[in-house]
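Presented sequentially are two complexes of chain A, the first with chain B as partner and the second with chain C.
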Partner chain A sequence: MSRKPSLPAPRRIAALDIGTHKTVVLVGQIVDRRVRLLGFGERRTEGVVKGVVEDLERLTECVHHVVHDAERSAGVSLSEIYAGVNGPQVDGGRVKGMVPVPGRDRRVTAADMVEAEASARRIEPPPGRLTLLYMAQPTLLDGASVANPVGMTGERLEVSFWRVTHEEASLRQRVGMINGMSLKLRDFLLGSHCASCAVAAEGDKRTGCLVVDCGAGTTSWILHYRDHILCAGCIPVGGEHVTNDLCSALRVRRDVAEDLKLRYASALHRPEDANQTILKEGPSGPEHQFNRGTINRVASVRVTELLELVRQDVEARVRQIFGRDVALTPAFLPAGILLTGGASQLADLPAAASEVFGLPARAALPVTEAPELRKPEYAAVVGIMAAALVNEVPARRAPRGFWAQLRALLRL
Partner chain B sequence: MPEAVPILLVGVGGAGVSLVGRLAPGLPANARALVVDADLSALEASGLPDPVQLGRGSLRGLGAGGEPALGADAAEAEEAELRRRLSGASLVMVVCGLGGGVGGGAAPVVARLAAEGGATVLALATLPFSHEGERRLSAARDAAVALHRRAHGTVILRNDALLQVAAADAPVAELFAETGRWVGAALDALSGCFRPGALLPLDPGALRSFLPAPGCRATFATAAARGEGAVLAATRAALASPLLPHGPEAERHDHLLVEVVGGPDLSTGDCQAAVAALRGDLGGDRITLLGARTDSPEPGLVRVSFLAASPPAAPGAEPRRPAKGRRAKGKPADAADQALFSFAEEANLRRGLFGTSAPNLFNGEDVDIPTYLRKGIRLPSAD
Partner chain C sequence: MIPPFLRRLLGLRAEADHARADDRDWRKLIPQDVNTVPRGTMGRRRAARSWVQGAVVLSLLGLMAAVLWFALGDAPAGPAAKPALRVRTDGFLSPADVAPLAFPPSAGSGLDVAALRQALEADPQVLAARVRRLADGSLDIELRERLAVARLETPAAPPGWRMLGADGVPFAGRGYPVQAVRNLPAVVDLPEESEGGLRRSAGLELAAAFLSAARASYPALVADWQSLSLRDAFDGRADIPGATLRVTLRPASQPADRPALVEVVFSAKEWARELPVLAALGVDERLRAPGMTSPAYVLKLHIRNRSQPGTVTMEPRLVPAVSR
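Moving on to the complex of A and B:
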């Protein structure tokens, strides 16, 4: 993350989020350490299946259009952009750096911290993968978690990160795509992390919560635990799978299935729906009849399975970190589950998630000053913008940095 | 007046023999039945006269033990006998269960010999249940490709789909009976629409142009309805048949044959409306055939059946649906192979919109396949 020396005001920042369903670009202006939304571009994504680029040419064209739309609506031309990454090519793992605390008094110095961090960062990512970012995890001094160990005494200092890596080839593809539009890529940001920061309140993050970003092609999750990112993951199953299942079960075209999903489907199967008939006027004249019970049965079994997959993934990664099974109880995650992303709008999804996880669950909207962006499908791009702001406007004084960042986040 | 098309219904292998044996007592006048298997007891149980026993020497009256190679060899050994017995029919319908030794191995041979004898060959084949194991499924997919190459038209019925039709706790016999009804309906539709005396009879020669060359992918569905607007209701029910391999968006066909059977009050207008609805969902841009009869077995009952087929793409031809989506990406020269390949990959058909994208494996299951199908969850019926 290169930090530029301060540029002449006003500064503009832009955020790009490429989803399986749609691509969004936001353009903002930094005014008084906050972002004012200038422009907005959005289109249906082409060439992406389940979060994986299948047709780079079509995707490039699509992103080009969206950037153009955003530039036109903002009335400015962009030169730099922050891009979110998401999807099954993103993976993560924990890296750990350990140093013995030297000196007679065994007091931890800032240099020890730097050394421990450096040793964690020296661990090479798996072949064919590039490190995207490091997210700090609790620092341990002789095995005990401490917020700031500098000045404390101990023997063994342990610093760990949740390291996010991305498949190298596809990441280079994306860099090439953005550079090809004469845009400078400022940085890659993890979409699910940004989305979680946009929807989760500080209190949720401090106490612990699981944010699930339900996209069209992928479902990403990120686990906040005691003010740190504990781990993250992604299941390449999303809202489109519900649509596909409905296509198959009802024998209808994709657009009809999509419409039925948005209007009638529920993540819960209720016996009383079985007798409800939905009439739909077809374009060819005769109306189609659908049984609401069928729609909900198909949607609910799919969503329950998806949530089960997320739960298994979370449990497996948490097990990796703690070295033992950790039950996902309300004691572990008091703030429960926050559901966001376009596919989180499926009716009764929080209830279904609550049932699968045994945790409180609720739908969460991104916090932003722009009312038109307060929709779950914009959580990632709003979060990217907020993270970009933090990056562009570094905190002036270190101790106040956290609150400054928090304010910036909340006031985008 | 066109003449009735002589039809030969051939059951190959255990499942095929049993299905044909079940249908044999009620065959239409222009149809004959033949059973071909290695298992002598199965042939006897079918009760049909003059069965063709394969592998008299090599298999000694037992089945091929799930080895398609054995089944194919046994059929090749009986080539002369099979040729003789398969001759004389204009339409040969080969009924078999893929995945077994004789059904998977001998059926392609039977289809080839029948086609070489000058008949149009339509294969109706079932694929094993997913729970029968990966080995049997992959053998069945290979057999489907072999059959697809030899037969003019191949209709695949997924046994998994039967779980949607029959009750969850239905005995296997009930599922089998459902397959029997489906094959019977196909036989009835194809024998009936060329029968003289129909309201709208079809020219028997039309079948040749309908399935012009080996390698057509085909689907068949049927449904019945009664009362006001029965024709359209039956049409919609046929389109919604859970036995169809996948949603209509996933596949459109160039050729469409519709048969409507109703009472004396059946109007051509109703039939045209049914055709219009089917064309909207299925295609039939190159050939659409409509046959109609007024000899419904029950008064007031209307049955609508359709057979849709796509001839193999000619080499170098434009892919059929290049408009949108990732299918257009492949080299055009591969189009025919591609069609064959995706046909073989039965799973791809079930993955619908995700078509040929990489499988999404979790705990050994491809989660792109609809959950309700994988878990065998029966859905409430459409009405």
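Moving on to the complex of A and C:
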């Protein structure tokens, strides 16, 4: 007798992304293992500079407004929320647990895996930091990477994680802020991991890719290698630095510099840009006159520096994991670099990234059913929803048994 | 969320593990103290919105309940709406008997459950009624019936049974089976004012009290009673000298090997004292005694004191019956 698979009951999930530039809250409902968007709230963030909270009261007020907007938009009252974290307070490091495989036949059991994982998790994070989550890395059996070692024979089992930690004080602040809004914090999710959930396809993750989430105040990245998350990091430099540089170099107001960046700036400086003059209209006729070459030179210098910082950070982390220098080549990361986030809309950024990393790079948009959210600046919050969905509704198991596999085969 | 041990047993390793991790896990070290009411102006607005939503929902629910209540409870049913009846009774009335009571032609176009209850209780056979309209539109009627202690028998009565309740109220015995009616004693020689009708009278009340007491205490005696005559009961005025209750026995109840007892005469005033005397009298032995030569006898349980007309002296005696 065939049984109809039971579907999980519809549940509401909410995602909060506090960025340097804007704060977004999404409200969705889980229907048949998918998220149906119910509501949306967005405001310019106040009280955060380069990913660091400087004025908690203003930030609380701002986030509260966004939550209120999202609730009104969705027509529901929220009680729980997932929050993304990013910024310089977030750090990561590799933790490794190793156990010798006991027994005469040296066959790895589930208990060996449990013990190896427990030994890895016993390693304490640095003082003043709290663990947010663990990201699984390839399991090694006698030095060879295996997907699932249970049942295999070997002598030494190594299990490692990329452990993400956060400064305790600021984490307490965030939990208190969210609890003060009558919301329970369901969990913290890593912003860069969420962005990769939103923009990277399973094939990209399987082959290996670097997802770079270019925000206004910070740039976070995460490295997928052979279907695992190898490492993640964050650079306290973002799109606002380009705006600041343009302000200083061109001696214009911030809003003018932002407009110039969005409309004319490029991440690549080409000699022919020097021949172009941009007339910036003011309220009473032409107000400023700019050379596009100057704009692009300023932007490209900052962007190149940013990308160099990312590359150095990635290489340092990879070196820490492998114990040697590993070149970021297309062989290492066949899927290349995926650029997302609000600052990734800068023209020619993929080309600049490709030049700096020596890898293919492309701009990536979040995959979502809501067309208004298919913009790079919403990659993190859409990803929070996707990661929260995985957290709430585990993936279906592969069919087991002859008939189930046959049915799956015929369905293909 | 799959527990970590289950994930491991299934050979699953999550890409990002949100399960409780180590001793420095934030979930362990940062307790969440969620405010019931959000803080600040915005919090109050959010809370108010939440309350308003709740209040609106509650109001709508209340409105729906009220509409339903009035629709099912007191609102008159339309002329075309004749709901199904579910009748529960402790007597003999059937839904077919109740329907004319519930929906009389004179009730007009509408009928509510309170009026329905009154209409049912107006019938003498019904002691009390409880009427509810159910969610499916049908009517649930629960009846407590007035049970008969005797049947009324008059030549001028309209067709159908006339029964007498234990409280002296006459009623039409709808639904009574023929055998049950035949087993009841008949009250005959009714006072003129109750002849042919169903009006209550002192005579009927006296007969009802007498028969219900006899049934309750001496059912074996009553089973042999064919009729109770109120001819000499003076319409229940028991103080009148010579007022009697005359009980005729069923001929079939008398053995053939002794003289028959055809009638028992009770005093209308002292019948309550006479009933136990009759039960203890041993009439059968007395009738078989030598010297009982008449074919039929009347048992008189008292003798009228002619010198003191208001008093009755208990003196049971068998006298030969004479045909009237």
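We adopt the following convention: the second predicted complex is superposed on the first by the 380 of 412 C-alpha atoms of A that agree within 3 Å, B and C clash if a C-alpha of one lies under 4 Å from a C-alpha of the other, contacts with A are read in each partner's own complex, and residues count from 1 in each chain.
In this section, contacts are C-beta pairs under 8 Å (C-beta built on N, C-alpha and C of every residue); 3 or more make two chains touch, one makes a residue touch a chain.
Note that the structure is a prediction, hence the values are computed from the model and not measured.
Novice: Once both complexes are superposed via chain A, do chain B and chain C end up clashing or fitting?
Specialist: On the superposed model, which is not a single observed complex, chain B and chain C fit side by side.
Novice: By the touch definition at the top of the document, which applies to A:239: first (chain B), second (chain C), both, or neither?
Specialist: A:239 sits against neither chain B nor chain C.
Novice: For A:392, select first, second, both or neither according to whether it touches chain B, chain C, the two together, or no partner.
Specialist: A:392 contacts chain C only, not chain B.
Novice: May I ask you to decide whether A:41 touches chain B, chain C, both, or neither, giving the answer as first, second, both or neither?
Specialist: neither
Novice: Figure out whether A:132 sits in contact with chain B (first) or chain C (second), or with both, or with neither.
Specialist: So A:132 only meets chain C here.
Novice: Identify the partner contact of A:148: answer first if only chain B is touched, second if only chain C is, both if each is, neither if none is.
Specialist: second
Novice: Which of the two partners, first being chain B and second being chain C, lies in contact with A:376: first, second, both, or neither?
Specialist: A:376: touches no partner chain.
Novice: Given the touch rule stated above, what does A:294 touch, chain B (first), chain C (second), both, or neither?
Specialist: A:294 sits against chain B, while chain C stays out of touch.
Novice: Which partner does A:208 reach: the first (chain B), the second (chain C), both, or neither?
Specialist: A:208 sits against neither chain B nor chain C.
Novice: Going by the touch definition up top, name the partner, chain B or chain C, that contacts more of chain A.
Specialist: Partner with more touched residues of chain A: C.
Novice: Classify the contacts of A:166 with the two partner chains as first (chain B alone), second (chain C alone), both, or neither.
Specialist: The answer is second: A:166 touches chain C but not chain B.
Novice: To be precise, I mean the smallest distance between any C-alpha of chain B and any C-alpha of chain C in the superposed model; what is it in Å?
Specialist: 20
Novice: Intersection of chain A residues contacting chain B with those contacting chain C?
Specialist: In chain A, no position sits in both the chain B and chain C interfaces.
Novice: Could you please specify the touching residues of chain A with respect to chain B in the complex?
Specialist: Going through chain A, the ones touching chain B are 47, 49-50, 52, 54-55, 235-237, 240-241, 243-245, 247-254, 257, 274, 277, 284, 286, 288-291, 293-294, 297-298, 301-302, 305, 309.
Novice: Can you list the chain A residues touching chain C in their complex?
Specialist: Touch list, chain A to chain C: 60-61, 64-65, 67-68, 71-72, 77, 110, 113-114, 117, 121-125, 129-136, 139, 148, 150, 161, 163, 165-166, 168, 171-172, 175-176, 179-185, 187-190, 193, 228-229, 387, 390-392, 394, 397.
Novice: Across the complex, what residues on chain C touch chain A?
Specialist: Spelled out, the residues of chain C in touch with chain A are 1-2, 5, 8-11, 13-18, 21-26, 29-30, 32-40, 42-43, 45-47, 49-50, 53.
Novice: Enumerate the contact residues on chain B facing chain A in the complex.
Specialist: It is residues 232, 236, 239-241, 244, 246-250, 276-277, 280, 326, 329, 350-354, 357-358, 360, 362, 367-368, 370-373, 375, 377, 379-383 of chain B that touch chain A.
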